[in-house]
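To start, I am sharing the structure in question, which I have written as structure tokens.
Order as written gives the chain letters A, B, C, D and E; numbering starts at 1 within each chain.
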Amino acid sequence: MNALPTSSLAMVRTLGLVAAICGALVVTAYQGTLASVEANRRLALEHAVFQTIPGAVHMRAFVATPAGIVPAEGAPAAAGERFYAAYDAGGRLLGIAAEAAAFGYAGEVRVLYAYDPAREAITGLTVVAHKETPGIGDKVIHDAAFQANFRALDARLNAARTALANPIRVVRHGTKRAPWEIDAIAGATVTSRAVGKAVNASAQRLLPLLAQHIEALRQAGGENGP
Amino acid sequence: MADIPLAQLFLTTVLANNFVLAMFLGLCPFLGVSGRLATAAPMGAATTFVMLVASLCAYGLNALLTWLGLEFLRLIAYIAVIASAVQLVEMVLKKYSPALFRALGIYLPLITTNCAILGVALFQTAREYSFIQSLVFATGAGAGFTLALVLMAGLRERLRLAAVPDPVQGTALALILAGLLSLTFMGFTGLGVGE
Amino acid sequence: MNAQPARPTPMEEFLEGIWRQNPVFVMVLGMCPVMAVTVSAVNALAMGLATTFVLTGSALLVSLLRGWVPREVRIATYIVIIASFVTVVDYLIQALSLTLYTALGAFIQLIVVNCIILGRAEAHASKNPPLPAVLNALGMGLGFAIGLLALGSVREVLGAGRLFGLALFGADFQPWGVMVQPPGGFFVLGGWLLLFNWLKKRQGRLQAERGTAHG
Amino acid sequence: MIATRLNPHPPDRVRGSLSPLTRLFRRRPSFPRGLHLPEHKDTAGLPIRRLPFAPELIVPMLQHIGKPAIPLVRPGQTVVRGEPIARADGFYSLPVHAPVTGVVRAVEPRLLADGRMVTAVVIHTQAAADQRVLWRSPREVETLTGPELIQAIQDTGLAGMGGAAFPAHAKLAPPEDAVIDTLIVNGAECEPYLTCDHRVMLEWPTAVMDGIRLAMRACGARHAVIGVEDNKPDAIAALTAALPADGSIRVQAVATKYPQGAADILVYTLTGREVPAGQRSSAVGVLVSNVMTLATLGQLLPAGEGLIERVITVAGPGVTRPGNYRVPLGTPMRYLLDYVGARGGVREVVLGGPMMGPAVASLDVPVTKGTSGVLVLTPRELAYETRPVRACIKCGECVRVCPRGLNPSMLGLLATRGEYETMVADYHLEQCFECGCCSYVCPANIPLVQQFRVAKGVWRKRSATRAA
Amino acid sequence: MSTTRLELRTTPHIKAGRTVEQIMRAVLLALAPVCAFAVWQYGLSALALIVTVTAACLATERLANRLRGEASTLGDASATITGVLLALCLPPAFPLWMGAVAGIVAIALGKTLFGGLGHNVFNPALVGRAFVQAAFPAAITSWVPAYAPDRFTAFIPSTLTPPLMQPPDVSAWAQAAVDGFTGATPLARWKYDNVLTPAADFFAGSVAGSTGETGAVLILLGGLYLAARRYLDWRIPVAVLGSAALAAWLFQLWAPERYPEPLFVLLSGGLMLGAVFMATDMVTSPVTPLGVWLYGALIGVLTVLIRYFGGMPEGVMYAILVGNALTPLIDRYTPPRAFGTGGRR
């Protein structure tokens, strides 16, 4: 059909033209949707945080590092532990939410847990994403008894403020004795353990970093108050 | 990203999250080339090799694009780089290892349109794997692809001699076999969490 | 090229992909997203429409540029065009619904390697004027979407007892978990193909019988 | 050349080549896999009897593998028992002698057991004759040179009596490219029902030794081993008693297992040597001959007589007077069966053993040099054999019994699909010698042997066409 | 003229006395005591389950015969074996409708689509089992105690669940029926709670488990009977159990405090049932002698690995399915050495 070789100029010209059209297309789409994509993301996150910390109406994202806490907007990515401070309508700090993840039965289980600095306890848990077996592993979302573990899960720090005084751990169904223990769901031990492991690992990292700065977070709520 | 031991990452990618049988990636070559053992194994090897190359490229490219703040060009960049990488691999092989080229050559063009390759690049980016993790992931994906391909080829060669009813012949049979293999591989779910 | 039979009518162009060359049931192409995202009818439909969008958009552009693109770089050009449309649709879905975006996952971006799109661009759009090209692409896309929907509905009904999110059997229904898991995808598509093969064979047999009766 | 590499086995290693461990755990030397069949050797205790002469004998010119003999007689001519009535047509051919004194009625094509039509001399028995063998020219055996000895063997018209009917002289002629160190004498007789070799070993041990010595001289072997299955202790004892003092001949009891008596298998059992695929046993320095062939050689050659009769086991559920009979060659099957009381009803008549012997399509076929037995089966056995054929359930029993180490299950599946190339290239179809073990054990009743026979035929034809 | 009518057949003219039907019937006979024991343990529910699953298998097989326009193949008893085996590896409290689904899937997906007996590549019973394991993961891990007092007069509550509906939670019923019942199999108790069940409990059949997997002695007896009559390849159970025991022993040697003793591994779960009755399925196991050893060893080791490192407490079924999937490859690459094609012995 096309016996003569095409000149390089023609190839470059065409590719350039196509690249230009496509570039315009992609950039337009990107710019056009950016705002709404970000809004969607924020809404989804807020929804999850507010669900975990009842009563909260607005939140701020922070990153905790050994050097202190900084608002997430300016912080370079993955430089520390990300968390969300949730405030009520009056700008009062209701609690702190953070994401935690661990491997469950069929993949990563990601949860959002709420920490109440006043009570030094974990006060809520929402499963953000999981691939666990329907009917078994996904009980961690709705199972009332399991959720009850996270109403007041002891998360006090040790005297040196370097780690939890009592590591959070998952125990066999029906054998919960201490306030820092989580009673596993019978038949869904693996997923229960994953949730516990995730929360413990995250709390062990985050809470010591936060300890000094709770007051600052309380103040931060005022800045954004209504 | 929760920390995951490399061995577990590898085994999970090969077995429980097998690219073909659990993630539905690379189905076209899987259904197309699994008819005979003689072609299945070299195809698997070629794919694994290209996956590694693609994973390497994607890792570097992603770092570059992130640094430039051009993440929205990621897909276009990946697909272009992978296509060129395959070309390059083909040329290098032809020049330096003609024997290997003859063995893998006919499969290389097929691989370009294999979504498993792009899948490796996209998944390792989405899951924010480290460099080493990416390589292990790519190797595991390739090994899993090869494993599925070889198992399937064995079964299909044997079923060629069976009295399979007419309406089941062809793609329908291949899909049902793949389903049964997939069911089998569900036994590996949760590998490494038992202890 | 000149010896082509009569040019297909626009309607024929459109119906081509929906029935005679249905990408899912007849050509068995682009299977990866077919299986991966069809755990529910909504996901299936969304994926189908996203693919249709990319297919149509790239067909239009490829058709418009058909006289310009040198042979040597045509595949590269097509891929760039397709990848751009995929990126566009990726952002559009993100903007529309994050839930949907999470459910479809990387498979939106994987539309780019869906062989139907490149295949259509190469085999049809690059040789036809914009209108037939778009109509054909639209038909193919809708055919693909119908295929996805056929799969997604079965999997959602059995796997969750719902269709488009509506509960069908009441609260006590026992969902068949396997249907929304990978094996279910293979089994349901295998089942559909089996059914089509069987119908086709039966039709052929009936026609043959009628033929002998009359002949 | 494999032969030269493998050949100079020190004769003492023939025995020693089975590992000590194997000898410890195996009471008798044997081969892997194979079958233990119901023996049905009820005729083993009956002495060899002579069958009367049929009124008409059909003597085919082709009772051996090779070229047919050329008739020397014309219709109307009177022939004397033992007189040559046909001469050999070249080296791969055998003369034929008159099995009876009588008048030649015709020289015309007649049906053979294998379905071929072959020129035969039809002789009417002269009832009044005393049927003494008149035609003979005794030879001074010790003085014969090598070629003379081979010629003398050919003159007896002797063919292998185990079933294959390969001309004895052609087999015993030393091969050009190999050195034979050991003569294997096949006394295993592993097929059920057959006992004629057994009786010959028991009754004519001296003739056996004579034959062996002649054969050793002919082929140049310095040692001979007689392999006898251990279910024939009396035969072993009789042979042992007749052994020459020089120790060149040995009797070795081997395990009773089918198909112990297949040539390559027996070679393996007795020497541990494996005949390479597609080659003769001479490639590993051995030569195998059936015990009855050698006994007959021992009787005929010194006396200068021709082969005119042989011992045949007639047995089976359909026979009322089973036994071992000395049958004149050319005796029609119908006469033989009438004599042993096997007439009427539905019958299957098998020439040889039940595992490998072909069934005959007509009772007008004659007994020939290669007929080792006649087996008459009744509807009971037949009904059992004709039950429906099912799909292979891959029980693997055939693989576990195949003495050739093949995978009959896979071969069978391939045969059904007509994939003969694969059968030969990947699954060694050519190594199958149709012993029947696989078909015997198959619970799905798949006619594996028949499939393989067809496959081999088609494949050989195809490759011949391709070569042409 | 002779009145003899000649028959003309191919060699060999005699045949060994075994038929496919005989083999299948012998397997059923060997399974009978296991079934009887299951009914003794679990009463009406076990009986109903065995009958329902078998009936579903037979009905599906018959339907497939109709669709393919062939004669009934129910006579070869293979569908019955599939049904009985499948029922034996389902939990005793499994709802009957789910059992029927398992039976239908086993025959339809596991057997007839490939062409029926002899052509399937996976063990049909295990296909059914794996399907319902994936479809109804909750129901298939609800265990009830053996020897409930009223087992011969009443069904387990979940048994009669209406079709397509979720079964009721049986844990309360189970605890009421037998005091101190934990609702977990010995393997789950070991894996998740680190509690080892004593061997004596296994022999008494008083542990939780699938309908037919807790009668180890009867299973072994059945296997011995079949092996003695050469109706199963003794190498497979020996290889499976031997390699599992060996693997367990090595693990215990390495970390005695973490891993249980080999006897526990052999007696617990479905290993015994799987090794004797499932892995030995002729159609889906290799035919070559070396292949059979490999296949068995692979299943044994894989079972232990899945049990120790997998997400589920039990792995026999998946190990056997993997073995099935590998069978064509094993057969291909472990041919017996053809006579005259290799070096001398």
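By our rule, a contact is a pair of C-beta atoms (placed from the backbone, for glycine too) under 8 Å apart; a residue touches a chain by one contact, two chains touch by 3 or more.
Owing to the predicted nature of the structure, the values given are computational and were not obtained by experimental measurement.
Participant: What is the graph distance from chain C to chain D, where chains are linked when they touch?
Facilitator: Minimal hop count between chain C and chain D: 2.
Participant: Can you name the chains that touch chain D as well as chain E?
Facilitator: Under the touch definition, chain D and chain E have B as mutual neighbours.
Participant: If every chain is reduced to the average of its C-alpha atoms, which one ends up farthest from chain D?
Facilitator: Chain A.
Participant: Report the chain ID whose CA centroid sits closest to the centroid of the full protein CA set.
Facilitator: Going by the distance between chain centres and the overall C-alpha centre, it is E.
Participant: Taking the mean of the C-alpha atoms as each chain's centre, how many Å separate chain B from chain D?
Facilitator: Inter-chain centre distance comes to 60 Å.
Participant: For chain C versus chain E, what separation do you get between their C-alpha means, in angstrom?
Facilitator: That pair's centroid distance is 41 Å.
Participant: Once you find the CA centre of chain A and the CA centre of chain B, what distance in Å lies between them?
Facilitator: 31
Participant: Rounded to the nearest whole Å, what is the centre-to-centre distance of chain A and chain D, using the mean of the C-alpha atoms as each centre?
Facilitator: Computed from C-alpha means, the inter-chain centre distance equals 86 Å.
Participant: Among all residues of chain A, which ones touch two or more of the remaining chains?
Facilitator: 22, 26, 30, 105-106, 133-135, 190
Participant: Identify all positions of chain B at which a residue touches two or more other chains, and write them in rising order.
Facilitator: Within chain B, the residues that touch at least two other chains are 72-73, 76, 163, 168, 173, 176, 179-180, 183, 186, 189-190, 192-194.
Participant: Considering chain E alone, which of its residues make contact with at least two other chains?
Facilitator: Those would be 109, 113, 115-116, 118-119, 131, 134, 136-137, 311, 331.
Participant: Dump the list of chain pairs that touch, please.
Facilitator: Listed in label order, the chain pairs in contact are A-B, A-C, A-E, B-C, B-D, B-E, C-E, D-E.
Participant: Which residues of chain A touch chain B in their complex?
Facilitator: 22, 26-27, 30, 101-108, 190, 193-194, 198
Participant: Write out the stretch or stretches of chain E touching chain A in their complex.
Facilitator: Contact set of chain E toward chain A: 136-138, 141-142, 171, 183-184, 188, 192-193, 311.
Participant: Tell me, which parts of chain E touch chain D in their complex?
Facilitator: 2-16, 18-20, 22-23, 76, 115-119, 230, 233, 282-289, 292, 331, 335-342, 344-345
Participant: Could you list, by residue number, the parts of chain B that touch chain C in their complex?
Facilitator: Against chain C, chain B makes touches at 21-28, 31, 72-73, 75-76, 79-80, 83, 113-115, 117-119, 122-123, 126, 166-173, 175-176, 178-180, 182-183, 186.
Participant: Considering the complex alone, what residue numbers of chain E touch chain C?
Facilitator: Those residues of chain E that touch chain C are 98, 109, 113, 131, 134-137, 139, 164-167.
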